[in-house]
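Presented below are the structures under discussion, each in the form of structure tokens.
In what follows, chain A forms one complex with chain B and a second complex with chain C.
Entry: the complex of A and B
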């Protein structure tokens, strides 16, 4: 900052006050980060607690709650189901998201902004409303409830896959596609052999991020889960309505580690900010 | 792109259009229409037009309280998210630190873990043997654990924590997008640090403030899991009420009327947002 135009007394004053302001700001930012991260970190600590209570600081170190997690079939089944559902929803949302993002970037022209906003529709509607409405639709149209859950998850993942893939497509030179087509490649072949290889990191990121969104979802599954198709967040939610032991901490610690590792991969590949649109 | 692209583009758009129309817009439309149907314990609903659901919702004090509580908590959550999110977004937008990427990741990371994980974290922090109570007793400020869970404060704190990133992102975008020369010009003309902030930076970030507040308000209004686990039966909000009506009482038409009010609140907020945004542009 150029301070040359300041009068002498106020420059002295400004120097002192700017140091104070910098320390004050530093303290404030640290406090905000502590607030953001404390609930997540506390879970990791609690998961190693040897006693039955959700206390902190822990009274020792034990892996007993991880053992309990692995022995409780309700939790392990739900974990497996969430992985499976996340994988299917991720593939669905990435494929449909790729087709839509490509069409938005290459064919919409000046109406592109509008198309992108429409694609982001599911973010703006409360997820509980999407979920109830899907349940209602299932009571009218004969459609397996598992299908409803998968479709619901694909819908809530789509805004993120479209945002991520659109950002990747912006880095692809359209001339390359035109060259392929001039040389006689069909549109499909151009997509498959030119576009997809060029945005492979973006597609992989979209796939991973959609999995993360699906795995963390609780609102879609709230109305659409049932016997044999209970997701992990729903299993934890119903468990916590009656009791609360560190076994939940152990499960969520496993989940946190998995999600953060996947998030880091996305960050390396294309950057999370592109998918979150910031 | 070139001739013949029309059919190809239409094909590419087909899956998402079918998906959104038949599994998103049509079901939501039908669900909201149900708010004027009559409730029947035997069937899901009787398609006879009635205003009963809305009369009951606005007439009974119990439900009026739930509506006001939801609006109050949503407004407070948006306010505190802004209060905490603004300095964070400002810092992230202006810092030259090499850790900026990491610090940004730390804002997104909690978001990715899901609502349940973070709500559970607050149960551990705020419980009777939780960190907050243990610390307060250790400091000698209280003799025995105070009850934080099952109060509005617990719900508010957790919701601010869970939804704050949604405030930070639009704020960050609008702050990072500002031309640094504008602030420099104000400084050259003799404005102090605070004056620059309140008369230049803050007004220029208005779009981000409106966007973030609208987003947090809407997301809070639709919250179910966090109020249910941290507030119990004492802090009933609209989302939980809908959940109970659909899954326990099976009163779909009444649930629909509540959802209708929820959507109405959301649309008024979005309307205000666009109105505010336009005034800035004009």
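Entry: the complex of A and C
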């Protein structure tokens, strides 16, 4: 405390300093959020520019760049391809992630920590290295390029699905599974009848999360997407090398809206999970 | 009577440590058999081996004459009630109880009948549509029992099913559980650490300790004729007095006791020789207390060191001339209420049991 000649700080003094601390903290948090969200807001505003220039603040209000996005087949094709790829990668990563998470939680026993760390390894490896490795692998193994892209996306999504589903599975009492088995259910039937319904919210949020990860990927697609099969980020990337119009801002805004909507769904599901646990 | 379930030389290790075994026992038709013992004695491990949730390292398990040692739990035809009931939280009571029947591909119309009939048997008619979390602990317990029984298993397994209930409910459920078991005539293996539960419900009790079977007996035999120090001390209160075998007559022995005097004791004297160190066991309620020396002069003189009133009984702590403390419990009638602390009394040890002295 600055005024050290006061041996007993008065209640008023304490109150004042704690209020100051609270305001200081509030300001700091606001500043951090502003810093994080400002680029996003700038992009959203820029997308409504009526002119060719990426000016901020926008010089007017127009939806022409959204129209341009929908009329440019390069962008809409890439968008559709990214959606398709995201869906396949999400389903693949969730199915494999569920099986891995189940094995980690139920069968690894004391080696569980090691198993979990190993499963999370792809987050630590730069994605560009995974991409190059897959590209090299494709020169050795005769495998369609599209397959390489899907595998790459499943690899980068897996750590997220495994981590999320492991957390959900930890909330499932093993005795429920044992009970199902003593009542005549096989292991597979037990998974279907007991485990999957109980972790359904966790599975759905893993699915959505994996979709978002796949949709936003640049590095894997950079090496593994061929002509006619460009993902949206790559299409935007190559467009921006030659031109710069607010159409990119418009596309980005659409993506942001999509991700926010999916994020809200996950939020609801995570809340739901608490109710489901009883 | 024939055995429904038989365990022969069953042994299970967990890494280096022995989980259970080797154990041998069988369950007769319609019998209520209890596995009793302190925590860690291997009783739950044994039950899990019976249910197929664990596979033993050695030995065989047979059900109705068929070897099921390696059979998966789903093919075993047993109903298991878990300590925490393990009801499926996302299914209604009906779907919980119907689960085993659905797995057995019973026709839908029959399932409805059998579920509602079984819910009546366990005293919970008409709760089919409820969710497990809407039920009280006692009700969940009954649903779990119904779920295990509705498949008409050849064996019912109960893993400490009463330990999560409050004291009053627990006592009531003991009788109800036993009554349902007898009505259905189903062979049952019950696991508990609670001696009162074991005694009130069982036809036979298997007392277990650190992975092996200590004694197999009816509740009465177990209480009156324990064969080991562990059995004597685990069940009820007991006085154990050091002694030396003076002479042997068949299964009985005359023992020179540390508190002075010789006492006849029954027990497994066959393995003993004259001069062996043994223990004499006397239950507190079997010790006779007299305020005057008996005519034959066999009674032991003692001082009342302490007297505790606990409702219907008085518990005396008695110190003999040789410094040995004995506990006696007597009905709190006028006859015993008048025995004041520090007064001198004469004790009749009555029927003593002979126990081997373990080192």
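Operating definition for what follows: the second predicted complex is superposed on the first by the 250 of 278 C-alpha atoms of A that agree within 3 Å, B and C clash if a C-alpha of one lies under 4 Å from a C-alpha of the other, contacts with A are read in each partner's own complex, and residues count from 1 in each chain.
The rule is simple: a residue touches a chain if its C-beta (ideal position, glycine included) is under 8 Å from a C-beta of that chain, and two chains touch if they have at least 3 such contacts.
Fair warning: this is a prediction, and the values are worked out from it, not measured in the lab.
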Chain B versus chain C on the shared chain A, clash or fit?
fit
First (chain B), second (chain C), both or neither: which does A:260 touch?
first
Of the two partner chains, chain B (first) and chain C (second), which one does A:134 touch, if any: first, second, both, or neither?
first
Considering only touches as defined above, state whether A:149 meets chain B (first), chain C (second), both or neither.
neither
Between chain C and chain B, which one touches more residues of chain A when both complexes sit on the common chain A?
B
Look at A:240 in the shared chain and tell me whether it touches chain B only, chain C only, both, or neither; answer first, second, both or neither.
first
After superposition on the shared chain, which partner residues are touched by A:184: those of chain B (first), chain C (second), both, or neither?
second
Would you check which partner chain A:28 touches, where first means chain B only, second means chain C only, and both and neither mean what they say?
first
Contacts for A:206 in the overlay, against chain B (first) and chain C (second): which applies, first, second, both or neither?
neither
Of the two partner chains, chain B (first) and chain C (second), which one does A:107 touch, if any: first, second, both, or neither?
first
Overlay on chain A, chain C to chain B nearest C-alpha distance, Å
5
Using the superposition on A, tell me which residues of chain A are in contact with chain B and, in the other complex, with chain C.
178, 181, 276-278
The answer for chain A against chain B in the complex is residues 1-2, 5, 14, 17-18, 21, 25, 28-29, 32-33, 35-40, 42-43, 46, 53-57, 95-96, 99-100, 102-103, 106-107, 118-119, 121-122, 124-130, 132-137, 139-140, 151-152, 154-155, 158, 174, 177-178, 181, 187, 212, 215-219, 222-223, 233, 236-237, 240-241, 244, 248-249, 252, 255-256, 259-260, 263-264, 267, 272-273, 276-278
Chain C partner contacts - residues on chain A that touch it in the complex
173, 175-176, 178-186, 189, 193-194, 197-198, 276-278
Taking the complex as given, what residues does chain B use to touch chain A?
1-2, 5, 8-9, 12-13, 15-16, 19-20, 23-24, 26-28, 30-31, 34, 44, 84, 87-88, 91, 101, 103-118, 120-125, 127, 129-131, 134, 158, 161, 164, 169-170, 172-173, 184, 187-188, 190, 192-193, 218-219, 221-222, 224-225, 228-229, 239, 242-243, 246-247, 252, 255, 259, 262-263, 266, 270
In the complex, chain C residues that touch chain A
51-53, 72-76, 78-80, 82, 84, 86, 88-90, 99-100, 103-104, 131-133, 147-148, 151
